[in-house]
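Order as written gives the chain letters A, B, C, D and E; numbering starts at 1 within each chain.
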Amino acid sequence: MNIPVEYFLVLSTLLFFIGVFGFIVRKNLIGILMSVELILNAVNINFVVFNRFLFPDKLEGYIYGLFVIVVAAAETAVAIAIIINVYRSMKNIDVNTIKELKN
Amino acid sequence: MELFSANSIIFFLLATIILVFGVISVTTTKILRAATSLFFVLFAIAGLYLFLSYDFIAAVQLSVYAGGIVVLFVFAILLVKNLGEETEKVSCQKKLVGGIAAAAGVIVSLITIFKYGFIINESADAIAETVKMQTVGETLMGVDQYQYLLPFEASSILLLACIIGSVVVAQKNKEEKR
Amino acid sequence: MDMIKEFYSGFSIMNQEVSLVLVLVFILLADLFLGEKGKKYLQLSAIAAFALNVVYGFTLTIGSTYEDSFAGMYVTSDMHILVKNILNIGTLLVFFFAHYWNEHENKTQSGEFYFLTLSTLLGMYLMISSGNFLLFYIGLETASIPMAAMVAFNKKAQESAEAAAKYILTAAFSSGVMLFGISLIYGTCGTLYFTGVTQAFQAEPLQVMALIFFMAGMGFKISLVPFHLWTADTYQGAPTAVTAYLSVMSKGAAAFAFLCILQKAFQNYPESWQNILWWIIVVTITVGNLFAIRQKNLKRFLAFSSISQAGYIMLGVIANTAQGMTATVFYIFIYLFTNLAAFGIISNIENQTGKVGMDDYNGLYKTNPKLAVVMMLAMFSLGGIPFFAGFFSKFFIFLAAAQQGLYLLVFIALLNTIISLFYYLLVVKAMFIETSDDPIKPIKSDAMTVIGLAICTIGMIVLGFISPIYEYMTSISF
Amino acid sequence: MDYTILLLAIPFLMFLTIGLLGYKMTPKFSGLLGTAGLAVVTALAYYTAYRYFFTEFGQAAEGAWETNVMFNFTWLDLSNANRPDLMIKIGMLLDPISVMMLVVITTVSLMVHIYSMGYMHGEEGFQRYYAVLSLFTFAMLGLVVATNIFQMYIFWELVGVSSFLLISFYFTKPSAVRAAKKAFIVTRFADMFFLIGILILSYYTKTFDFQALTAVDTEAGHATLVFNTMGGKMFMGLSVTSIALLLIFLGGAGKSAMFPFHIWLPDAMEGPTPASALIHAATMVVAGVFLVARLFPVYFFEAPDVLTVIAYVGGFTSLFAAVIACTQTDIKRVLAFSTISQIAYMMVALGVSKYGGHDGLGFTASMWHLFTHAMFKATLFMAAGCIIHAVHSNEMDAMGGLRHYMKKTYLTFGLACFAIAGIFPLSGFFSKDEILVAAWEADKVLYWCQTFVAGLTAFYMFRLFFRIFFYEEPKYEHHTPHEAPANMWVPLCILSVYTVFSGWFPFSKWISSDLIGYDIHTHWPIALGSTAVALLGIGIAFALYYKKNNIPDRIANACNSFYTWASHRFYIDEVYLFITNKIIFGGICTAIAWFDRHVIDGFMDMLGWSTNTISEETKEIQSGSVQQYAWLFIMGVITITALALYL
Amino acid sequence: MNILSTFVIIPLVMMAIIFCINGEKKDLIRKVMAAGALAMLGTSVYLTVDFLAQRELGDTAEFLYRSDILWYETFNIHYSVGVDGISVAMLLLSTIVVITGVFASWGLEDQTKEYFLWFLMLSLGVFGFFISIDLFTMFLFYEIALIPMYLLIGLWGTGRKKYSAMKLTLMLMGGSAFLMVGIFGIYYHSSVDGNFTFNIIEIAQNHAMPVDKQLIFFPLTFVGFGVLGAMFPFHTWSPDGHASAPTAVSMLHAGVLMKLGGYGCFRVAMYLMPEAADQLAWIFIILTGISVVYGAFSACVQNDLKYINAYSSVSHCGLVLFALLMMNQTAMTGAILQMLSHGLMTALFFALIGMIYGQTHTRDIRYLGGLMQVMPFLCVCYVIAGLASLGLPGLSGFVAEMTIFVGSFEHEDMFHRVIVIAGCTSIVITAVYILRVVGKILFGPLYKIVIEKNEKEGSVKSFYISEHDGETHRYPLRDAIWYEKIATIGLIIAIAGIGLAPLWLSNMISDGIVNMLK
C-alpha cells in the first residue's frame, strides 16, 4: 500500500466540501440531508484512513467511524421525521418554505 | 508511488466514482437521481474501506448507509407526494455563493493539510490485513483503554431516544385524528 | 460473577448517570402502563422521580481530584457532579414550567416529553464527563438529536416544525464540521483521549485548523457567533418549555464541556485557542446584543440575549484558570435561575393567553404585578444589576478574565452590557411604564409554575449573597 | 472680645428677627425695632469713636494711632502644610479709618432708618425693607472693621446683595428688577477681579491679614511682607504685585462705580430713595475708596504705578460723571452722577497721595471727603426723597418753585448744595480743598481737571437746586406739595448739622496715611481758586435756571451732538448691553448651548441611533434561510482558520 | 452592631415594612417613610457628633467605626465599612436630602408604595456607597443606586421621561463600565505579596501599583466616576434626566447621587492611584475647567427651569472635580464642601421647581412672571437658593467656592493657576443666570397669572392661565403647604448652617483629606 495519505485527505476534503456545497445550494430539504450524509462520509474516510495508515495498532478511528455511521443513521431518522412533519404542516419541503422565522 | 500500480488504479477509480457521483448528487435537479448518486457514493466508499482492508466497517457502511439510510431517503421522497417528479432549479447566485464557500474551504484546508507532514506508520502494512471480527467485538465491549463499552451503551440510549423522537414527530397529531 | 462485577465496576462511579437511566426507565414503564386514564399521574410521578434523582445528586461527592473509569473514557470530579446537579435543578425547573403546557396542550405526549428531555440530559452528562472525543461526540449527539424532536413537539404550529427542521439540519451540519475537526485531531495527535491529545497537541497549523473546526461545532451548541444563526429561529418556534431548556441546559452543559476540553486537551498551547476565542467572544456579545435590540417577540428576544450571555460565559473559558472555571460554573448557575424565571413567565403567559410580543406586555404590572416584578428581577439580573445574582456572576467572570490581563476584552464586554441593559430595560419599560388598551388579563398561575418562579426568584435574589456557594465551587474547581 | 462685637451682632440679629418674623409683626413695630436696634449700634459706635480718639485706648506709644484688634476668630480654615496661617477670620480691627467709617455708617444708617419710617410708610414689604436695611448695616460695618482682606470680601459680597435686594424692592417694576440685576452683575464682575487679586496676593504672601500686609518698613520704603514675597516677580512682563493690586482696585472700582463700571449706579436709583441715600450715596459706594485706603501702604510702596492709574481713572471718572450730571433731568440720576463724580474725587486724592505726615495729605483728604460727602450726599438724597414724596415724580419737569411748599427741605437741600459745591465754611469746602492741594502737589493735570470738575459740580448741583425750588412752578394737579412729616425732616436736619460742621473737625490729627497725626492748614490760593470756580458755576446755574428761559435749550442745541451723547451717558450702557446681549448671550451662550445640544448630546444620541440602525440594517443576516446560516457557518470557520493561520 | 451598618439596615427594614403595607394606605406609607428618614437623619447626626467627639479624644485612625466581615474569601471580598470625616459629611448630606425628599414627595398620589420602595433602594445604594471601604461593595452599592433612577424617572417623571430615563441609565452604566475595568486593574495590580485585595485602605497602604498601570487605570476609573459627576463631555444625561425626573428624585439625584461621582473620583481614583492622578491631572483639569465655564454659559440661555439648574449642576460639579484634581488639602476640602453645598442647594432648587411646576404645569421661564406675588414663601426660598448658588457669603456656596478657589490657586504650577482664574469667571456667569431667573419669573409683573379677589368671602385666589391643546386651562395657585415648607426650610437651615459656621465641617473634612494626602 503506497498511496500517500494526503491523497485520501484530498478525496475526503473534496467530498466534504461537495457536501457543504450541496447543503448550501439544494432546494429540497431531503437533498440537504443527503449533502449532510456526504459530509459525514468524508469525515469517516478520514477516520478510517488515519487509523489505517497512521495509527494502525489501535482501532480508534475505526470504531469512531462505526459510531459515526450509527449516529448518522439516528440523526437521519429524526431529520426525516421532522421533514415529514414540515411537509405535513406546509405541504411542501422546499427549503424556501421554512423561512418564516427570521430577522 | 507508482501511478499505475493496481492499488493506485483502484484508488483513483474509487475516488473518481465518489467525487463524480458526489457532485451529481448535489447538483442534479431530480431528487431521486440524487438519491441514486448518493447510493453510488456510499457504495464506493464502502469499496474504499474494503480496499483499506477494513471489511467490517465496509459491511456496516453498506448495510446501514446504502441499505438503510438511502432507502429511508427514497421512502421519504416518495412519501412526500409529487416530489419525485419535481425538478429543482437552483439560481446561479446561490451556486456561486456555495461555490465560493466550498472553494475557499477546499483551498484553505488543502493548503493546511499539505503543510503538515503526515508520517505513515511503517508498521501499517505489517499489521494483519483485515481486522478480525473478534477484535472489533472485544474493542466494542471492553472496558480497558481503547475499548468502547461505555460509548456503546450510551449510543443505545441515543438510538432509543431517537426512535422515540422520530415516532413522536412523525406520527400524526392524535387529537387531530380524532 | 466476579467477571461481571469487574466488567461493570466502571459504572460504579457513574451514580448520576445510572440513577438518571433508572428514572428514564421508570418513565418509559410508567408511560407504558399508566394508560390513558393514568396520564395525569404520569407527570407527577415523572417529576417526583426526577426530583428524587436531583436530591440524590446532591448527596454525591468524590473529592476534588479527577476520578475516571473505563480507563479514562469517563471522568468525573466534584465539579462535574456539581455541574450535573446544576443541570438537574434547571431541568426540574423546566419541568415545573412545562407542567401546565404538558397538561393542556401536550397531553398525549407528555411521557415522551419527559423521556426525551431526560435522555438529552443524560447526553449532557456524558458530554461533560467524557474523557474521550468519542464519548463526547455520542453525548453531544444524544443531547441534540432528541432535542430536535422536542422542538417539533408543538405540532399544531408550523413554527415548531420549521424550527425543528432548522435545528436538525444545522445540528447535522455542525456535527459534520466538528467531526471533520475531530478527525484531523485524531490524524495529527494519534489518539482521541483528551490526555493523549494534551501531549500530542503542538499547535501545528493543521492542528489549529482542526481545533477551529471543533470549536465551530461547539460554537453551534453554545451558539457563538457566527455559528449562532439557528438559535433565534429555533427558540422562537419551539415550545417555550423546550426553548427554556435549550437556552439554559444545552448551552450551559456545552459551555462547561467546552471549557473542560479546552483546559484539558489543549492546555499546553492555550494561546492557540484564546486568540480565536477572543474574537469570537467580541463578535458574539456584540452581535447578540445588536440583534436583540430590534426584537419584538420575547422568545426571540431572549434568544439573542442568550447569545450575548454565551459570550459572557466564554469569558470564563478564555481565562483558562481554575478561577475562570469557577466563574463560568457560577455564571451558568445564576444564569439558569435568571433565564428560567424569564422563560417561566413567558411560558406562563403564553400558555394562558398566547401572547409573546413585547407590546403585549405593556402595562403588565397593572394587571399582574407579581409576574411583572419577577420578570423585572430576571431582566435586571440578566443585565447584571445588583443586588441580583446576575451582578455577582458577571462581576466574577469579568474578574476572572481580567486576571489574565484581558482588560480590553472585559471592557468591550462591559460596553456591551450597556446595550444589553438597554433592551432589558425595554422589557421593564413595557411592563411598568407603558400603558396598554388591551393589557394581559390577570392570570391565575398554576401551582407548579408558582413553585418554579418562587425558586427562581429566591435564587436570583439570594444566591449572590451566599458566598459559601462560590467558595465551594472554588474549592472544587481545577 | 468685648462690647464691640455687638456692633456686628445687633444688626445681624435685627436682620434675622425682622427677616424671619417680620411677617408676623406690624410694619410699624418692625420699623421701630430696626431703628431702636440701630440706635443702640450708633451709640456704641460713637462710644467706640470716643474711646478710640479721646482715651488711651487708641493711643499707641509714639503718639501714633493704635491698631486694635478687638476680636478675631477663625471662620474658615484654609490652611495647609504650605500655608499654615491661611485662614479666613472674622474680626474687628479698629484704626482711625475704620472707626471713622463706623461713625459714618451708623449715623447715616440711623438717619435713614428714621427717615424711612415716614418715607416708606404704607409700602408693601415694609418689614422686608427694614430687614434688608439691617442686613446692609451689618454687612457694611463688617466690611469696614475687617481684619483681613477676605473678611472684607465676604462683607463686600453681602453689601452687594443687600444693595440688590434694596434696588429690587419694587420688584413688580421691570425697570427696578433690571436695575438690580445690572447693579449686581456689574459689581459682581468687578468682584471677580477683586477675588483674583486676593488670590494672587494670598498666594505669595500666604496671608489675608491686613496688618501683616500693610506692615511697612519706612526706612527701606517697602511694605515688608509684600516686598519680600512678591517683589520682583513678573507675569507676562508686568509686576505681579501691580497686577494683584490693580485687580483689587478693579474690585473697588466696581463697587465705587468708577469708569467703566459706573453704569450700574444711576440705574440703582430705582430703589427706594432712603436706601439710595444710605447705600448708593453715603456708604457702600465708598467701599472701593475704603479698600484702597486700607491697602494704601501696599499700593504706595509696592505698586505706585497702580496708584497713578487710580488717580487718572478717578480724574477721568469725575469729569465724565460731572458732564453727564449736567444733562440729566431725573433728580436722582443727577445725584447719582454727582456721587460717582465725588467718589472719583476721593480716588484721585488717594491716587495722588504720598506716604507719611503731610505727604499723606491726599489720604487724609480722601477720607475726609468721604466723611463729608457721606453727610451732605445723604442729606441731598433724603431731601430729594422728600421732594419726590411731595411731587410723586423724579423728573425735574414736575418740579419748580417748591421753596414755598417745603421750607425745611429747601434749606437743608440748599446747605448741602453749598457744601458739595465747596463754599466756605461748609464741610465740602475743606475736604475738597485738601484734595485739590494734594493734586496740586502731585500732578498739575489732575489739579486743573479737578478744579474744573469742582466748577461743574457747583453748576449741576445748583442747576438742580434752582430747578427744583425756583424756576417755574408746574401745575400741581393732584394735590399741592407739602412738607414731609417730622420723622423725615428731623434726620435731614441732623445730617445738615454734620454737613455744616464736619469741615471743622481736626481730621488730619486723626486720620493719616501712617497713623501719626499732623497739622494741616487751608491752602488759600488754591482754596480761593476753587471757590471762585464754584461760584462761577453757581452763577451760571443761576443765570440759566433761576427763572424759566430758553438759554439752556439753546446751549443744548448749540452743542447738539455732544449734548445728546452726554445725556445718553455717552452710550456706555448701550455698549454694555450690546456686549452682554448680543455677544455673550446671543453669541457665546447660545453657541455653547447649541453645541451642547447638537454636538455633545447629539453624539450621545447618535451612538444610540446608530446602534439601533445597525440593528435594523443587519436584519437581513438573520434571513431565516437555513442555507444562508450554513454558509455563514462555514465561511466563519474558513475565515477564522485563514486569519488564525495565515495572518 | 456597627453604627454604620444601620445606614444599610434602616432602608432595608423600611423596604420590608413598606412592602408589606397595602398600597392603598398611602398616608401610612408616608408616615413610615418620614419616621424612617428621621431615624436615618438622627443616626447620621449622632454619627457626626460622635465622630467629632472621638476625634476630639485623639482617635487619629484614618477610618473610624471600622467593621469587617469576610464575604467572598476567594477574592478577598469583604463587607467592610468605615468612615472618615468626608464620608460622615456625605452621610449627613444624604440623610438631609433624603428626609427633605420624602417631604417634597409627600403629595405624590400615583403608586406611592412603589415610588417609595424605589426611593429607598436609591438611598440604600447611596448610603452603602458612602460607608463602604471595600471596592467591591462600593461598586455594588453604586450600581444599586443607579438602577432605581430608571423607573423613578420613567414612571413618575414628566416630559420626555422614557427617553431621558433610558439615556440617563445607559450613560451612567457606561460610566460604570469604565469604572469596573478600573477596579479590576486596581485589584490585580495593587498587591505586594500576591494577596489581592479590594480594601481601599490596604491598597493605599501597600501603594504597590506600578505607575504604568496607574496611567492606564486612573483615567478609566476617573472617567467612570466622572460620568456620574457630570464631567464634560459626559454630562448630557444630566439636563435631560433632571428635567424629566420627579421632584424628589431630582433632589436626590442631583443632591446626592452626583456626589457619588466626585466622592468616588476622590476615594478610589485619586486615593489609590496618586502618581497617575498627579501626572494626568492636567487633562482632567482642562475638561473639568471646561465643565465649569461651559455649564454656566449653557445655563444662561436655557428656558426650562430644570435645564438651567441641571447645567448649573454641571458647572458646580465640575468645580468639585476641578478642585479635587488640584491635589492639595485646601482645594480638596473645598471640593468636598462644594459637594455638600451643591447637594443641598440643588436639592432645594429642584424641590422648589417641583413645587412651582406642580401648580403652574410649566417650567418655561418665558411663560412665567411675578410669582413672588402669589407664592411668596416659595419665591423667597428660591431667591435664597439662588443666592446660595451664586456664592453669597453666609450660605454654603460661598464657603465651598472660596475654599476651592483659594486652595486651587495655591497650585505651584502657573498653568493651574491660570485655569483657576478662568474658573473664577463662572461666579459671574452664575450670577447672570440665577438673576435672570429670579428677575424673570419671581420678580416683575404678573404674567399669565390672574388674581381674583372675592369680596364676599374675603378670599384671594390666583390662577395660572395656560393655553395648550387649543384649550385654556386655569391652574389654581397657592403658596407652599406644610410638607413643602418642611422640606424647603430643612434644606435652607442646612445651607445657612454650613454657610455661617463652616469651620467644624471644614475641619472634619480636611481631617480626612490630610490622611489621604499622606
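What we mean here is this: contacts are C-beta pairs under 8 Å (C-beta built on N, C-alpha and C of every residue); 3 or more make two chains touch, one makes a residue touch a chain.
This one's a predicted model, so the numbers in the text were calculated from it and none came from an experiment.
Peer 1: So if I look at the partners of subunit B and the partners of subunit E, which chains show up in both lists?
Peer 2: C, D
Peer 1: Counting one step per pair of touching chains, how far is subunit E from subunit A at the shortest?
Peer 2: 2
Peer 1: If you average the CA coordinates per chain, which chain's centre is most distant from that of subunit B?
Peer 2: Chain D.
Peer 1: Let me check something: if the centre of a chain is the mean of its CA atoms, which chain is farthest from subunit A?
Peer 2: D
Peer 1: For which pair of chains is the number of C-beta contacts greatest?
Peer 2: A-B
Peer 1: Report the chain ID whose CA centroid sits closest to the centroid of the full protein CA set.
Peer 2: Smallest offset from the overall C-alpha mean is found for E.
Peer 1: Between subunit B and subunit D, tell me the centre distance in angstrom, where each centre is the average of that chain's C-alpha atoms.
Peer 2: About 101 Å, centre to centre.
Peer 1: When the centre of a chain is set as the mean of its C-alpha atoms, what distance in Å lies between subunit A and subunit C?
Peer 2: 26
Peer 1: Subunit C to subunit E: how many Å between their CA centres?
Peer 2: 43
Peer 1: From the C-alpha centre of subunit D to that of subunit E, how far is it in Å?
Peer 2: The mean C-alpha positions of subunit D and subunit E differ by 36 Å.
Peer 1: For subunit D, what residues touch not just one other chain but two or more?
Peer 2: Where subunit D meets two or more other chains at a single residue, that happens at 608, 619, 622, 624, 626-627, 630-631, 634-635, 637, 641, 645.
Peer 1: Return the residues of subunit C touching two or more other chains; collapse runs of consecutive numbers into ranges.
Peer 2: Within subunit C, residues 134, 138, 141, 145-146, 148-149, 152, 155, 164-166, 169, 173, 177, 187, 205, 209, 232-233, 294, 422 contact more than one other chain.
Peer 1: Would you mind listing the residues of subunit A that make contact with two or more other chains?
Peer 2: 9, 16, 19-20, 23-26, 32-33, 54-55, 58, 60, 63, 67, 71, 74-75, 78, 81-83, 85, 88, 98, 100-103
Peer 1: Among all the chains shown, which pairs meet the touch rule set out at the top?
Peer 2: Every pair of chains meeting the touch criterion: A-B, A-C, A-D, B-C, B-D, C-D, C-E, D-E.
Peer 1: Within their complex, state which residues of subunit A touch subunit C.
Peer 2: Going by the criterion above, the answer is residues 9, 16, 19, 23, 29, 32-33, 36, 39-40, 42-43, 46-47, 50, 54-55, 58, 60-61, 63-64, 67-68, 71, 74-75, 78-79, 81-83, 85-86, 88-90, 98, 100-103.
Peer 1: Where on subunit C is subunit E touching in the complex?
Peer 2: It is residues 323, 326, 380, 385-387, 391, 395-396, 398-399, 402-403, 407, 410-411, 414-415, 417-418, 421-422, 425, 428-429, 432-433, 467, 470-471, 474 of subunit C that touch subunit E.
Peer 1: List the residues on subunit E that touch subunit D in their complex, please.
Peer 2: The touching residues are 167, 170-171, 232-233, 235-237, 239-240, 294, 297-298, 300-302, 311, 328-330, 370, 372-373, 387, 390-394, 398-399, 402-403, 405-407, 409-410, 414, 417, 420-421, 424-425, 427-428, 431-432, 435-436, 439, 442-446, 502-503, 506-507, 510.
Peer 1: For subunit D, which residues count as touching subunit E in their complex?
Peer 2: The touching residues are 74-83, 86, 88, 150, 154-155, 157-158, 161, 168, 171-174, 177-178, 180-181, 184-185, 188-189, 191-192, 195-196, 199-200, 202-203, 235, 584-585, 588-590, 592-593, 596, 600-601, 603-605, 608.
Peer 1: Mind listing the subunit C positions that touch subunit D in their complex?
Peer 2: 165-166, 169-170, 173-174, 177, 205, 208-209, 212-213, 216, 220, 225-227, 229-230, 232-233, 272, 275-276, 279-280, 290-291, 293-294, 419, 422
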